[in-house]
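As written, the chain order gives the labels A, B and C, with residue 1 at the start of each chain.
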Amino acid sequence: MQPFALKNALDNVRQTTPLVHSITNYVTVNDCANALLAIGASPIMSDEPADVEDITGVCGGLVLNIGTLNERSIAGMFAAGERASQLGHPIVLDPVGAGASSLRTKTAGDLLDNLAVSVIRGNMSEAKALAGGSAATRGVDVCPDDAVTEDNLEAAAAFAREFAAKTGCVVAITGAIDVVADGERAYAIRNGSSLMGRVTGAGCMLSCVCGAFATANPDNCLDATVAAVASMGLAGQIAQGRMGGFDGNGSFRTYLLDALFNLDGDALEAGAKVAKLS
Amino acid sequence: MQPFALKNALDNVRQTTPLVHSITNYVTVNDCANALLAIGASPIMSDEPADVEDITGVCGGLVLNIGTLNERSIAGMFAAGERASQLGHPIVLDPVGAGASSLRTKTAGDLLDNLAVSVIRGNMSEAKALAGGSAATRGVDVCPDDAVTEDNLEAAAAFAREFAAKTGCVVAITGAIDVVADGERAYAIRNGSSLMGRVTGAGCMLSCVCGAFATANPDNCLDATVAAVASMGLAGQIAQGRMGGFDGNGSFRTYLLDALFNLDGDALEAGAKVAKLS
Amino acid sequence: MQPFALKNALDNVRQTTPLVHSITNYVTVNDCANALLAIGASPIMSDEPADVEDITGVCGGLVLNIGTLNERSIAGMFAAGERASQLGHPIVLDPVGAGASSLRTKTAGDLLDNLAVSVIRGNMSEAKALAGGSAATRGVDVCPDDAVTEDNLEAAAAFAREFAAKTGCVVAITGAIDVVADGERAYAIRNGSSLMGRVTGAGCMLSCVCGAFATANPDNCLDATVAAVASMGLAGQIAQGRMGGFDGNGSFRTYLLDALFNLDGDALEAGAKVAKLS
């Protein structure tokens, strides 16, 4: 990546306060809104088909998260997504639970096929289900067999690059090691904390943060996504460092938002562990 | 205001534990419920048209918040609102995002026209959209041009008084400076913290708190609303005072609820910055 | 109870990471998901009828909570419940607000009549409404006249045993004193904190925690439910013990999740106040 690419990407978020329209699940939506505010963006949520086109129209980016999808919100996702596609807004797709139900797999696939999606953000099981390579998931968690490790990292990167080339999207596959790729380049990001799997919504928040970065950095979606993933991972590490003896996932959730809120471009450059893969 | 009006208004909430039915958005609903509990009220949420009349019937007040409105919840708002109007319960209307979409502007206007609304609580852009004077908003945030400042405070108060006179409601326009008015009197409230704009839901929570105060103080809706607005603003200041070096909007959200929970009538009298406007 | 029954029940949750499908209200759903993660389970939420059967199929247990029920989620509850019944998964029913509206009373009754419910978890007013013995509630809170006290404890236990015998369920009636019974045995649990009534969702979280314990301890639903209720009560006490001078219900909510997260089987055995009733 270019020198200071991460810092510049974060600075662009904080200086432009991008408005991001999110259609997301009701489990983690509050954390998603606060994560957007923490990183310097402004959140708007609306899933009613009769409302979403206007809301998308006043925003700069769109995040579609299929957790707790329903008939109405699916219609809302397509209506908002078509408007965002017309307007050239970046669209982030989070295929929560793709592979765990046929409705989720089909909906994620239809959204990807019909909208101008910029970024796909999910775990490896979801990404494989969406790419048609697998249908096994452990609910909304990654299957142990699918987890990205140092041993299978090159294969994971090759899969991500291929999926990115096929779809024209930036693909962010997150887990213990994160992989972010477009059709040509792939990066591994080794930030993060295992506690991020012990709070609900770390992935959903990251997808919204990706939306903020993509909206504020329209000319470089790959670097923007790497910066978003590294920011969330570094925030997780900072949050873990604050944990005291009585703290658990309640406090970690608070610390994670706090760390995003206080994240500084220079600290991001210094702390991000981003490596280009062959 | 009368001496001890603020303290009395808060004491009435704490002593009567008003049950407040809220139909509100799924983004901030948890914070709304906890804000009601913090101030001494008891929350109930229900938006299904077949359920809301019974629920309204066992409550003492109603809050209608149109964030994440949908076809079902709009029907629920009218059904609950008609029942509350029949029962003489105070109704608080929070026109979230009025002006940002035609559905929101129309729904807020229809609710106002058809129900016996007692209090309208929103930012200046939303209030102007509802009053028919403007259609510009920045999503769910106030347009910079609409923000109430010391320079335009008298004009803002005149607008609020006029809108209150026209609708028969108490109008609470909140921002850096809050204005609360009925058709005759207007107050400026200079409490609050800029951090309240960096967490989602400060406005939604305030609307619910207004519902608690209006329900517990049925004979003086204006003073009740001033007390609610001052309470939330003072809680914001107290929360800001607790912020440490690693704290961000995650901690601020927690501290805000804590401050509401611990707010005391004497502290409210001492800390409220309420000024009658000419 | 058998020696170490509580510790064993908790250890089984932590060692098997049960996947629990919850169809629950949008007010407290985030806390429910984090409570499941805190106790060592894995949460999945889905309420769309076209999605729930697949989701139930990949899980091990089901929690049905009727707060903020609507036409869609009711259909989802029946579809998920029928699938769970076929699969022999434990089902926990939380009849939030039964007695407060006819839709809630009827829906809770229909779910109980048509599904293989394993555990009913509610307050005494809800339990009475569901048993047909009363229709009075104070919204989603217990009626003061219904509260379980030392004076009426034996009568409460007799009611719980009778209701359990009639339905074939384990019945958990929670409040200042908790009563858990099957058709033959009843236990009183005297853990907990009065602050649990000042945050939204303590009951909803407990129902999900009951789902985790029932799923991880399929051969002893009564002991599993006693362990779940004692765990939540002890977590409440630990959370209360952390409260500082500025803390309120915002901090208590965080501390409650933290205490569940850090709860240890030995500490549970040592701190649980479980008494067999005659």
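Here, a residue touches a chain if its C-beta (ideal position, glycine included) is under 8 Å from a C-beta of that chain, and two chains touch if they have at least 3 such contacts.
Chains and their UniProt names: A, B, C = Hydroxyethylthiazole kinase.
Given the structure is predicted, the values throughout are model-derived calculations rather than measurements.
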Q: Determine whether subunit A and subunit C, two copies of the same sequence, contact each other through the same residue numbers or different ones, counting it as same when over half of the numbers at the interface appear on both sides.
A: different
Q) Which angle of rotation, from 0 to 180°, maps the CA atoms of subunit A onto the equivalent atoms of subunit B, to the nearest 5? A) 120
(Q) Between subunit A and subunit C, what distance separates the C-alpha centroids? Give it in angstrom. (A) 33
Q) In subunit C, which residues are in touch with two or more of the other chains? A) 26, 30, 253-254
Q. For subunit B, which residues count as touching subunit A in their complex?
A. 25-28, 30-31, 67-71, 97, 100-104, 137-141, 198-201, 246-251, 253-254
Q) Within the complex, which stretch of subunit C touches subunit A? A) 19, 26, 29-30, 33-34, 37-38, 42-48, 50-51, 54-55, 58-59, 72, 238, 242, 253-262
